[in-house]
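Every chain is named by a letter (A, B and C) in the order it is written, and numbering of its residues begins at 1.
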Amino acid sequence: MRIFGPTAIILGLASLLSEPGSAWAQDATAIQKSVGDLRVALDTVWVLVAGFLVFWMHAGFAMLEAGLCRAKNTIAILYKNFGVVAVSSIAFWIIGFALMFGDGNTLFGTKGLFVMGTDNSPAMGDAYKGVFDALNWTGIPLMAKFFFQLVFAATAATIVSGCVAERIHFSSFMIFSFVLVAIIYPIQGHWIWGGGWLAKLGFLDFAGSTVVHSVGGWAGLAGIIVLGPRMGKYEAAGRVTPIPGHNMPLVTLGGFILWLGWFGFNPGSTMGTSDPSLIAHIAVTTNLAAAAGVISSSLTSRFMFGKADLSMSVNGALAGLVAITAPCAFVTPAVSILIGAFAGFIVCLSVTFFDNRKIDDPVGALSVHLVCGIFGTLALGLFAVPALTPGGSAGLFYGGGYAFLIKQAIGVVAVGAFTFTLSLILWKVVKAIIGMRVDPEDENTGLDLAEHGMEAYPR
Amino acid sequence: MRIFGPTAIILGLASLLSEPGSAWAQDATAIQKSVGDLRVALDTVWVLVAGFLVFWMHAGFAMLEAGLCRAKNTIAILYKNFGVVAVSSIAFWIIGFALMFGDGNTLFGTKGLFVMGTDNSPAMGDAYKGVFDALNWTGIPLMAKFFFQLVFAATAATIVSGCVAERIHFSSFMIFSFVLVAIIYPIQGHWIWGGGWLAKLGFLDFAGSTVVHSVGGWAGLAGIIVLGPRMGKYEAAGRVTPIPGHNMPLVTLGGFILWLGWFGFNPGSTMGTSDPSLIAHIAVTTNLAAAAGVISSSLTSRFMFGKADLSMSVNGALAGLVAITAPCAFVTPAVSILIGAFAGFIVCLSVTFFDNRKIDDPVGALSVHLVCGIFGTLALGLFAVPALTPGGSAGLFYGGGYAFLIKQAIGVVAVGAFTFTLSLILWKVVKAIIGMRVDPEDENTGLDLAEHGMEAYPR
Amino acid sequence: MRIFGPTAIILGLASLLSEPGSAWAQDATAIQKSVGDLRVALDTVWVLVAGFLVFWMHAGFAMLEAGLCRAKNTIAILYKNFGVVAVSSIAFWIIGFALMFGDGNTLFGTKGLFVMGTDNSPAMGDAYKGVFDALNWTGIPLMAKFFFQLVFAATAATIVSGCVAERIHFSSFMIFSFVLVAIIYPIQGHWIWGGGWLAKLGFLDFAGSTVVHSVGGWAGLAGIIVLGPRMGKYEAAGRVTPIPGHNMPLVTLGGFILWLGWFGFNPGSTMGTSDPSLIAHIAVTTNLAAAAGVISSSLTSRFMFGKADLSMSVNGALAGLVAITAPCAFVTPAVSILIGAFAGFIVCLSVTFFDNRKIDDPVGALSVHLVCGIFGTLALGLFAVPALTPGGSAGLFYGGGYAFLIKQAIGVVAVGAFTFTLSLILWKVVKAIIGMRVDPEDENTGLDLAEHGMEAYPR
């Protein structure tokens, strides 16, 4: 099945001893083609392997969220996390990818439904001829571009599942997820990664603190507001009733899976290997931010609650990871520690903040993905090293003044307003048509028996 | 330890300003060798990383099957899944690889015991001189070929463990597995992937719907028939007593692991990177089939049983994955959705079908691997796109008429008859010599205490 | 964002038809640079992906150790395994990497704090100019070198967590781990991998049977001695009271994760792809040793205890893996089976050996990492194939006499004496300043409630 390889080379060498001029030119052409083919192959392998790691994050979300819910809602949350990958895959294939990366206007793409249309990938730059110009900076086959972006899209939807856990109908969540991945996520993604207006403005988000994480958070916040808190959470006068998760090994496993998956998420967002130093740099900043997030959240939880809290530390790792996602390529390792540490700190405060406002977020997804997604995007506005950013954008502390920071803030606000508003409308439509919240007795029984007729741990 | 690299290049450049003709030829030779070396290195990295993902599937089988069994048989099923990797590794190293890929006749290989013998891999095609000609189309070192094929072989054996779960002796299963991987699996594998008679016929199975999955299923079916159903399963008059698994997070984790591992199984079966578009295409068809399997099995289970059933959806993902394994490289993305969706549908019917025949398959392995393995192989006969297949084989719906479909059917029948018959004989021999089924009181107590003297979850 | 690629090549071809001599030289230079860049990119991708797999081992340790402890100490052990990655990341970034790989003397490095200083990686060999000369044999960016070595360093610390489980204060362990990774681990690592005195002597340890595993074991042994056994373990007259773990699926999952991770640990220690045959060879020896360890430990446990013991078999796999870590690149596949099988045998004996001496090692970490780490290092002295080793070192059974074996023994003793002594002092300092062992009532209650105020499996 393979045509080129060592054999071809050996055979090719036979013809080398002819006249120098033209043979040399032919030979150089052939060699350069081989080298170019190899580059495409290597870039494709890297992007796909990184995409596999991002896919794996869905297992991490499933385990983390299942562990942080009660046993009686375990199947329900597992099923949402498993099913959302499926629904997202189909939605992004049909239309999401086209809206996000298809040629169109500065607001959304208008070409490329079903990932079809003219395309001569892996040709790059001006040599690229096709309907997905926004991705012409990466020299990989179209299907590799689609696969990598698909696993990102599904991540945004998965984040929502944690916010609405333990009280939402299975089908309501699935329908929302389909539309989120088909329409809402790709439109704002087009603004930033698809050559839209925020990209033109100079807004930067390397791997998706805003595009993926805060968007998942905004959509989830809208869901929480429409759904209301779980029964019993805020009913005791003047205080919050903790509802502990049921399985800490699952939570920890989920944390490890997500940390691992982020090595695909951030370094893989290079979508190529032309700058291996950058890939390694991102792996290091990503890891240091996660590490700092663990340490600061452990210390903060010990100070705030008297005991080092494992679930807070797992969320601290994720907080650091979410926060470093936008800046990972553009800041120094030392700054990545700062960003991760601060994220680990604010995630603890944020949990209390939301609880005080009776915004019931069972797994802390808002604190992790929304709050730290915003923080990370703005932190890039503070710490961007001009030598590392495209166009030389500089953070406030790196000589850039407020100019770049303001662009980052505009992006945060615009994406937030768009996503939250559309999500709120969508949730209300779903609620009106098929309902959204399970009956109180079903919520009391648990969604596993009520919605799925099974228990997660039958005798 | 490393000899070649940027340093070598820089040093090499010093000698470039000599006379054009001969120096150019020398230089071109050197560069072409470097490029060829790089290609081998990249292909090796890709195949090994894909192999690691396939290895990881064993963890997926272990978690899935443990979750679908009762708590009292957890250690027994975990141990079988863990041990079978070990036994398979030794069996395939000693003789399996030689029977499957060694030079020989159209029925089995006769050379290459202990993965030894003449071999100048990574030389390819006609330049390859050695005893493993069937794999001369891939330009990677022999040990990489062996490693990748080994993790496939072990998969076939692992499938069996689910079929015979909760009632078989540990050692009986291990002995069967050894012979399966040493003899039965490699012989039929030789027919298809080792240059044997089915390969010559034009039968196609890109990554093993038949070679791996249906073979595991046939071997398991033979085991079920010899063993009989679990106590209590079919004893109530006129109805089937469901025996639910004990741990749904394990089932879901297993499902995610397997889905991830399939990105090694299918795309990795390119065994090289000469066609990166093909690798990406396979990643996409694989994922879409799994996604469609989840959705169709959820809808089907909701329709058949009244509730969306998570374990059915996990099996639906696997059904889609098994079915797309043969055709993944040869069909379009849209068709992969069709194939996956239909697999997710028939896996639900199949579970009922086997139960009605009192064929007790505790984890649904027959429905997933046997039924969908057959379906996927035949589906390739329906949907193969001639531009994508070697030799231009075309499916029934792609202008090929019945010719190719009939070849696929011949392969299905031949492999099925061979594997089932030999497995049946082997199980009966095992039963006669060391016994096969645990005592009723041990089955009642659970295999964990009876066979291993431990509990999975001691207090 | 990407500059080079197929486009650049196609553009570059336009200038090819000029006069042969100088144009050829220019062109050859450009092509050779492209090839060199590709090699760096491929090497970086391989080392990072291998590093991700090693990172993943931390999830394996967490699951394995949690499963082998009692439910009441689950959070405590999970938290230690999760937190130690964070603490190690910071410690190794600040000083560990500098002590281990920075230029200095034969005892430790003195340059490169915070992974900073002169460095022109990926330049190699004599072309390398910088403060990390010990790693100039690998042509990857500095941050890739750091990342890969970091995940190794954290592994050593994680091993300790198993030894001291179920009775140590969280903060005492974390402080010990910080110093272990900051100071103790890198100093002995400098001796062997940093160009220090053992490297100059000719001691070989390909991937760390000694550097990582036995060091983790020695540090853990010191901790066990200072801590004493768990309450109830050796209090019954004349016999050992077994304290079974609480969750065998976690143990098995951990075993699979570690086995998978080892495919990064050992093959990745090539830190490049210049010899793809070697990478594949190592993948095979690693897998065969693990397989043999499973089989021999199963048989041994069946013989010793009457029943095949799953936890012993998981430890048997790890024993084989630890033992093959030093020799994986330097021995034949057949010998790797021998080494793995013997490791699986001695791990069973060793568990009894330590229990008889009242050395309470809850998860068997000493038997796996210390005993088999020593064994593997010495086994290399027996079985090293001179054609495979740098400098042609030959094992006792391969014509080398005792010369090389004695060097290996010197390394084992020196590293053991150094690590054990410093660890003992460090543990005693930690004990004196902040205490080390939890109160008896807290130990009885369980560390989860006592130290972290939570239960792993709340109702």
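By definition in this document, a contact is a pair of C-beta atoms (placed from the backbone, for glycine too) under 8 Å apart; a residue touches a chain by one contact, two chains touch by 3 or more.
All values reported here derive from a predicted model rather than from experimental measurement.
Enquirer: Looking at where subunit A touches subunit C, is over half of the residue numbers used by both copies, so same, or under half, so different?
Expert: Subunit A vs subunit C: different; shared/all numbers falls short of half.
Enquirer: Which rotation angle, from 0 to 180°, best lines up the CA atoms of subunit B with subunit C, given as a multiple of 5?
Expert: Result for this pair is 120 degrees.
Enquirer: When the C-alpha atoms of subunit A and subunit C are each averaged to a single point, how far apart are the two points in Å?
Expert: Once rounded, the distance between the two centres reads 31 Å.
Enquirer: Quick one: which residues in subunit C touch 2 or more of the other chains?
Expert: Residues 20, 24, 28, 31, 35, 38, 40, 42-43, 45, 49, 122, 247, 253.
Enquirer: In the complex, go through subunit A and note every residue touching subunit B.
Expert: The contact residues of subunit A facing subunit B are 1-7, 9-13, 16-17, 19-20, 24, 27-28, 31, 34-35, 37-38, 40-45, 48-49, 51-52, 55-56, 58-59, 62-63, 66-67, 74-75, 78-79, 81-83, 85-87, 89-90, 93, 114-115, 122, 140-144, 146-147, 150, 170, 247, 250, 253, 451-459.
Enquirer: Using the touch definition from the top, list the residues of subunit B that touch subunit A in their complex.
Expert: Counting only subunit B, the residues touching subunit A are 20-21, 24-25, 28-29, 31-33, 35-36, 38-40, 42-43, 45-46, 49, 53, 71, 122-128, 137-139, 244-249, 252-253, 255-257, 259-260, 263-264, 267, 270, 272-277, 279-281, 283-284, 287-288, 290-295, 298, 305-311, 313-314, 317, 333-334, 337, 390.
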